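In the two complexes below, chain A is the common chain; its partner is chain B in one and chain C in the other.
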Partner chain A sequence: MTGLNGSGMSMAILEAKDLRRDFSGVSALDGVNLSAASGEVVALLGPNGAGKTTFLRLARGLIEPSGGTVSIDGCAARVLAARGGRGVAAVGDAWEPAGWISADGLGDLQASAGPFSRRIYGRWCEQLNLSPYKAFRQFSKGQKRWILCGLALATSPRLLLMDEPADGLDPSARLLLYQALRAYANDHDAAVVVTTHICGDVEKVADRVAIIDRGHLIVDAELETLRHEVRQITRPSEAGPIVPGNGCALEILGHRREGAVDLWWLRTSNPEALSSLAGGGEIRPVALEDLYLAVTAFRSRLENAS
Partner chain B sequence: MRFFHPMLLSYLGRKTVWPTLLGAAGLAIFELFPSAPLSGREMLPAAIIVAHVAWVSWALARLDKGEMPFLYTRGFHWDVIWWHRVAVAALSALAAIAASSLVLWLGLRTAAQIGMGDSLYPLVARRESWAPMYWLVLYVLLLPVGLYAFVRAEHEAPLGGLWLAIAIGPTTWFAWNLLAGTAGWLPRALMVAGGCVVVALLWAGQRLHRNVEVAS
Partner chain C sequence: MYLRLDHHSGEPIYRQIVEAVKYKVASGELPPDVQLPSIRVMAGQLSINPRTVVKAYEELEHAGVVIMRHGQGVFVGSKHGVVPAGVRREKLADLARRLLAEGARLGADPEELMKIIEEEARHIPGAMEREPRRKVRI
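On to the complex of A and B.
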């Protein structure tokens, strides 16, 4: 981990400490510390196979941690899950009901399990004009995701865990979904953890960004903090490497050489002090996608080198 | 905690339609043909019951990919899911027994045997009308084994459930034959022992099910 820690809002609903999970001796998640507070939307980014889904499965209590803990409102996720997991709703990447059940039938099943607002669910489905009587298998991929998100939101959970919820949705539906998630977190003081590969979506909705790569949490910071403190410096390669601690507290998040120039992604609490490092090069704020690509590639190179 | 959820029962019940048809149709069709009066200890219905139990247990434990995490994240207490699995399996067995009983009690077997020229019928029809009750006992003994074996297979040692089924299956078969064929204290003792095993397996299954890892 780079040491970029989220400031942590008032009350952590989800809290993972040194969370580890192995599958047949292979580490899928290694020492992850991550929390989600009430009213907070945390976006979990990472390459395919990085451990995002494993984290969500652990948080929902579907699998046992190999080490560390993950708790929801102080209760171990596994214990809570076996008790039904009230107050926690999850939409998994591949968690789908049987194809024969209708959207309406899904509402009945969900209502049978616990608190559920048919009004919210009905309105949600109406937004995309989804027939309540159509079999689930007859809906498109995006429509299925929409229905499952509606089911989750209509249970009024304190914690929403969503694994690529916008997968298959068209841009307008995706926007609607993320707006709904943002509003839900604000209005209900709920925590939302959402994984996605689309950084543009994250910038619309998230308070905090966590990047997982190869089972390690490498970035965990508030989006505003990243916007304020992370900069990209482009400078001639002959200027040599940037050394942390050279006049200002500095953290190197990524580095890439492009021809005769070096691209550096740096974090500092005092971006103005970076001008001395630019060496005539260019300093500019960093888009989240660039940062994501830089830190994952940088880490990959570091690991390959070691 | 609300314990009975008709929607959950119906959702899980859909998983067992085909095995139930196998059990019901298998037993009902079997009954039409043997010329010897039914004793309840024939090999073929026992094999049908074993296949039915195995299929039902498998269908309830191994929901399609993605379906299991979906169901287990709806908000049902996992004990509730377990007992609904047991209830659905029991209903599936009862459907098979009901179908086989109807074939006997409505006289379909008698009609078939008379049609085939069997001179014993309708004289012995009444005597064999209780054969499905022996099959019901076999279901009661084997279903908990199947349900337990598959929930155990979800844990770290998948073959553990298989060995258990192999160990308990022949024992049950032997005890069941003994029970059906003799009188006196031994069948009663075996019935009590069988009852204890059934309760223990269902209870142990519930405990294991609480800690099952739900794959996706």
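On to the complex of A and C.
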């Protein structure tokens, strides 16, 4: 099914341009530009209240933007939602089915609403050995999550919007879920946007990471690029601040002082040239989780200072 | 084919695939003309974007390690590779110069480096066995 020819650029399915949303005068999302292309898995990270859920709700067309646009295959999300929202599936914390319905019954319900593959849904539930006859309320929090993900995947959407889909899942089920999302994007040329607090999982399967903080998009980059370009430098505090320049273009993403040493997080297109800048400091690659913590903490300190 | 990815090594995934395949070819685990997993299968096995696999295979093809035959698949190159002799010599020399320079930075002289190369090669099964010399007709 994939129209993969090696060089063809993927098309953007989800596209947000200068997207804004205020809630009673308070800005929840402030000028976000973010897209998700076919075949792409985008990890959306951010502290609680950063605007991730607001972004997903805007993308689902549940709420109206205060400014800017968000569209799916060129159609405004609100318009698409009013037409039934076909092609978009979501897992979020907003909706939970009635507790007495069986897992099987949920499938029937979903099938009556539009395209739905019982085969995909059935196999999905079998993966965690979930009984199709059990009432929804009898499943654990993680199992409920799994069922909702299965319902979403079985509608064969073009765009999957997952708000904390792995919430409550144990580590092995989380891995299964993320691998399934990856496979789904690969096999159906679909776009997947997923929010999470556990960076390590999503780091393995995502193509791109977007970090939102206080309504602003502060990082939007391919993970392959970050793996190559982001480094952590540890060096004595007395060495002073790292100054961009020296013929080495770099961006300072974060800084923290720990006792007598400074930790710096830098991004540069030429990591080989960093050794001269580090001044004897230790240079290390960075895990997504550390990068996430570093940039969000750095931002909050910068804003508190100003 | 078994590949293990390290998401925290600072090395892009595509390059990890390139290095792993090069190693497997050098060690004989992947003999000449053997077919590599298709792009889709490889992306599925590793849970990564097919584009990443494409990038790795393209780089491997560029380096003369594999050959992509349209509509057939990706194959390990035959023994002496598809790289012309002159290019091959220049590539090897370039590699040696880089190794010498990096070694010098760590305070190693060429002799030490050569010893280390020999030691490392012994860890690769069969790498140190020489092919029987062909008789040279005079």
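The rule we apply is simple: the second predicted complex is superposed on the first by the 295 of 306 C-alpha atoms of A that agree within 3 Å, B and C clash if a C-alpha of one lies under 4 Å from a C-alpha of the other, contacts with A are read in each partner's own complex, and residues count from 1 in each chain.
To be clear about the criterion, a contact is a pair of C-beta atoms (placed from the backbone, for glycine too) under 8 Å apart; a residue touches a chain by one contact, two chains touch by 3 or more.
Nothing here was measured: the structure is a model prediction, and the numbers come from that model.
> Which partner chains sit in contact with A:62 here, chain B, chain C, both or neither? Use first/second/both/neither.
After superposition on chain A, A:62 lies in contact with chain B alone.
> So, does A:40 touch the first partner chain B, the second partner chain C, both, or neither?
After superposition on chain A, A:40 lies in contact with chain C alone.
> Per the contact definition in the header, classify A:178: touching chain B only (first), chain C only (second), both, or neither.
Only chain C; A:178 stays clear of chain B.
> Identify the partner contact of A:228: answer first if only chain B is touched, second if only chain C is, both if each is, neither if none is.
second
> Look at A:284 in the shared chain and tell me whether it touches chain B only, chain C only, both, or neither; answer first, second, both or neither.
second
> Mind listing the chain A positions that touch chain C in their complex?
2, 4, 6-7, 10, 39-41, 178-179, 182-183, 185-186, 203-205, 207, 224-225, 227-228, 231, 271, 284-288
> Of all residues in chain C, which touch chain A in the complex?
Listed in rising order, the residues are 5, 7-14, 39-40, 43-44, 47-52, 54, 58.
> Please output the residues of chain B touching chain A within their complex, sorted ascending.
These residues of chain B touch chain A: 1, 5-8, 11, 14-15, 63-67, 69-80, 210-211, 213-216.
> Under the definition above, what is the set of chain A residues touching chain B in their complex?
The touching residues are 53, 57, 60, 62-64, 78, 81-86, 89-90, 92-98, 100-101, 105, 108-114, 155.
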